[in-house]
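Just below sit the structures, each encoded as structure tokens.
Next come two complexes, and both contain subunit A; in the first it sits with subunit B, in the second with subunit C.
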Partner chain A sequence: MRRRRWLVWGGIAVAVGALALWARARINGLSTETQATNPIVRWEWVFLREDTPSELWDATLQHLQLTLTAVAMGTVLAALLAAVALRFRWTFTPITAFTGFLYTIPSVALFGVLRSRYGSWVAALVALTSYTLLVLVRNIVAGIDGVPRSVTDAADGLGLGRVRRLLTVELPLALPVIVAGLRIATVTTVGLVGITAIIQLGGLGQLIFDGYNTDYTTKIVVGSALSIGLAVLLDLGFHRLEVLLTPWARRRSS
Partner chain B sequence: MTVAPALLLAGGAEGPSNVVEWFTDLENRASEAPIWENLWLTVWHSALATTIVVVLAVPTAVLLAHHRRGELVATWFVNIGRAIPTVTVLGLLVIASLRNGFGLEPWPIIIALVLLGLPPTFANTYAGVRGVDPSAVGAARAMGLTHGQIRRRIEVPLALPLIIAGIRTATVQIIATEPLAAFFGGEGLGAYLRAGLSRRDFVEVQAAALMVAVVAIGAELLLLLIGRLVTPKGVRIATHERRAARRPREGPITVAPST
Partner chain C sequence: MSAGSSIVLTGVSKTFPGSDVPAVRPLDLEIAGGSLVVLIGPSGCGKTTTLRMINRLIEPTAGRITIGGADIRDRSVTDLRRGIGYVIQQVGLFPHRTIAQNVATVPKVLGWPRDRIRARVEELVDLVGLDRTLLPRYPNELSGGQQQRVGVARALAADPPVLLMDEPFGAVDPIVRSHLQNELLDLQAKVHKTIVLVTHDLDEAVALGDKVAIMNVGGVLEQYTDPDTLLAEPATEFVASFLGTERSMKRLALSRVADLELDDRLWADVGRGPAGLRVAMDATPSGWLGLVKDGRFAGWVDAEALAGAPTVDDLDPVPPAAKVSADSSLREALEVILTSRSAAAVVEDADGRFRGLVELEAIRRGLAR
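Here is the complex of A and B:
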């Protein structure tokens, strides 16, 4: 396992290094002729243009801001809904049906409709948050349901109250499933944030739209690469968090 | 849900003052084509993309999951597939297609939608087949069924509820995203959305959103029905009993089986 991980990281490092070398070679080899053709990526825009770093940074930051705010709000709401569903079992079906219904509303349409009543930020956040709910609620409930009966019985036997049992026994054991939901929600949201470009937000999505509208593929490629990178980074971050928060799982497997 | 009617009936700036009027008002619409033509375009794109997704993803996932092969590759594929924004694929494909003279319709849009639909379908099929009770597979093998027979008669029917759920998710996502194509020069219901947003004619936006939502919910109901019809009786009863035992019907959504 350790060796495989080393191979993966080594592969990524080699790929990035090769790309950088190639990009450098491209820049150095640039002449007016090569610029006149229509390459997919104009490296001079990425590396030599002065405004590029700050523009990219702003876009990435906005993307990150929208994603994290939406996921955080979604997590709080989903935790409340899941708590209700766990306490009063009969509410589980209506709650999943409702979150499922929210998920069915087309994103492009929802952004548009909400934008017609509220500002861009409110519209984007409400829509993005509502899309995270389905996965989060379902995974929180399934995670806590998946705690073995014997464990909860033992907790009861130790005299833990309902709240303490939930917080100190069930929640830690359900963590892997909950984090799995969180990871899916985050990665999906990173993609959806791109669509908020249609209501003049969108972070990296705005870059992609600009690139399309001006027929400038460089912006599309760079925006997409950053967006994918962001998704991968957040995914890895949550994975790390899970590993850190569940030390017993590591101990057991090694 | 209760907010929706209030939202939809809210007045706009000029032109038709509510959604009902918009549907009858022929003058102030963005797209010259009749509504049903754009509606048909959206439905057709989504249906084609979903079909391609099912044809590509389900057999591959069943095969891989049956032989317990390629788990790492499958997980990577699903995760990366989820991370690729559709906006990107659409933008790049449309530009590439136009530059190479393939035109706008319909392949760039279809390919983008297919890429969007593959991960959920694949992940659910894979997880479904992986989750089939090993004793059932063992019993089938003991009865002398070949691998192909086990796949077709045991694993697929037992995994069917999950497979259909995956296809449903994919379909809804595909329909929800199809209007985005209009922002990249396509037609379809998104044309109203794009025009409405750019002219700040929010009645038009609301009408378009309403139509897309109706299509999505219609597709979802249709697939629910198909799922009900296709699922073998035995599997249905098992699901029913599980629900009666008050365990949640749907398990956690996981990123394919983790490695």
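Here is the complex of A and C:
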């Protein structure tokens, strides 16, 4: 466990370092004239401009807000769909087919169509939520199906009842698989939120789009770096949560 | 401790949906309260189906099952199951719960106060022979045998009158298995539950069962009797072939030396004096006479030695090569006699007092009935 965490942070450090070296080499390789007008990163924009910290903070906050709201709504909805799929097995195929279909709709199109009727926020959240459903429903169902037969048989034999069995036995044991789904959904959503910039949201995506439109690479680099950082932090956060909630999974007999 | 209730199956049958052939044909079975009954038979004989119909994990197609006189359909399924202990081969402990929490499952559902649950958990862990230091551990930190003991403790937690066990020792190695079997018998001697146990292991059935029900494919009850009668008098061809060719050898393990009729002509008390001993010697079939002095076995003498001895004290008896305890099985007695190459073994009780002499003929007579 310790070793894996070390690898994750080491990897991030190496990536950031390589990026900085590459940017520096690029800057040095350009003529003074070009460098003055068009460097990859204008560090003075990042560190010296007065409005930058609050702009970055607001963008990050909006990004986080959109991501977490969408994942939370997706989790509630997916839980309901998974409950239906588990109770009535024949509904599993239609439900995954439907959520799979949602997943195939191009996000740009969905954002555009929904905004014209419901406004940007609703459009963004509906679309982002619908993209989390496929992986969440699948993982909840797979997690619960993965509970060993002997365990559910014992739970039935002891007279636990259907609801109590689900809440006190199956759900806790399915947690690692469900959290794995949450992590994928979250990281995917962090990326997708950026695209909502086309409907005037986007959080850090807005920054990236600005940079794109004005040919100002500094904003693209900074926006991307923060977006990646957010995804990594949320992923690690969920991992941490899983470890805390599943103390039994770590202890093994010698 | 609530002792066992009787279980009565009347015309119970099961045909699974989508199947033309019944898994269990109408079956009548009476299980006396406090007894341990073993269901045994080849795969497909419906023994597990029958077991699972008792706690309604499988609903019978027809027929009636009563526990302690009450129809099992009169209670809700969960209520019924909380009053019936259930132990399965793969144990099915909850991996995310500690041993203490696993054992406490049913009491907690029944809403017992916390102190009572803790006391009960400790009592049960002692009862099944587990160390209390294991209570805060998780199941995957325990050995297979320990897990199975936890499974039994969990099943007994709310003190149910009935315990159902589905191949409980099938997944542990043979040495642990025989330990657990003996522990189950010790446990049963203390708790007197009505236990229904499914197995495919004939030795286990014979060793554990007060009665054994042999079932044939399709849930046909072929014979239902105590193990010794089963081995001595198989009712049908099927039972005879299921029991195999070593029936008599298995019976040897069931009977005790104390149950045999021992031959009194093989020995005499030295108090009868030389003349009396010579009379006794004439009656022995073997030409050797066992001497008993002060209630203990002194040794063997042959006719020649006896003839040349003026008093009892002049005798120099040969010490016995074979001794068994009265509690020994006939199998152990046979083993002792054969390895010592004596004709008879001395039977002693736990205090070393003489109880008689057992020879091959007595064992043969014991099996012939």
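A few remarks follow.
Following the convention adopted for this analysis, the second predicted complex is superposed on the first by the 216 of 254 C-alpha atoms of A that agree within 3 Å, B and C clash if a C-alpha of one lies under 4 Å from a C-alpha of the other, contacts with A are read in each partner's own complex, and residues count from 1 in each chain.
In this text, contacts are C-beta pairs under 8 Å (C-beta built on N, C-alpha and C of every residue); 3 or more make two chains touch, one makes a residue touch a chain.
This structure is a prediction, so every number in the text was calculated from the model and none was measured.
Contacts of A:208 after superposition on the shared chain: subunit B is touched, whereas subunit C is not.
By the touch criterion defined above, A:77 lies against neither subunit B nor subunit C after alignment on the C-alpha atoms of chain A. By the touch criterion stated above, A:64 is placed in contact with neither subunit B nor subunit C. Once the two complexes are laid over each other on the shared chain, residue contacts for A:56 go to neither subunit B nor subunit C. Counting residues of subunit A touched by each partner, subunit B versus subunit C, the larger count belongs to B. Contacts of A:153 after superposition: subunit C is touched, whereas subunit B is not reached. Once chain A of one complex is fitted onto chain A of the other, the partner contacts of A:197 are limited to subunit B, with no touch recorded for subunit C.
In the superposed model, A:173 makes contact with subunit C only, not with subunit B. If you check the complex, the residues on subunit B that touch subunit A are 1, 7-8, 10, 12, 79-80, 82-88, 91-92, 94-95, 99, 172, 175-177, 179-180, 183-184, 190, 193-194, 196-197, 202, 205-206, 208-210, 212-213, 216-217, 220, 246-248, 250-255, 258.
Note for the complex: subunit C touches subunit A at residues 55, 57, 77-84, 86, 88-97, 105-106, 109, 137-138, 140-143, 151, 154-155, 164. For subunit A in complex with subunit C, the residues that touch the partner chain are 148-161, 164, 169, 172-173, 246, 248, 251-253.
Every residue of subunit A that touches subunit B in the complex is listed here, in rising order: 38, 89, 92, 96, 98, 101, 103-110, 112-113, 115-117, 135, 138-139, 141-143, 145-146, 177, 180-181, 183-184, 187-188, 190-191, 194-195, 197-199, 204-205, 208-209, 211-212, 215, 217, 220-221, 223-224, 227-228, 231-232, 235.
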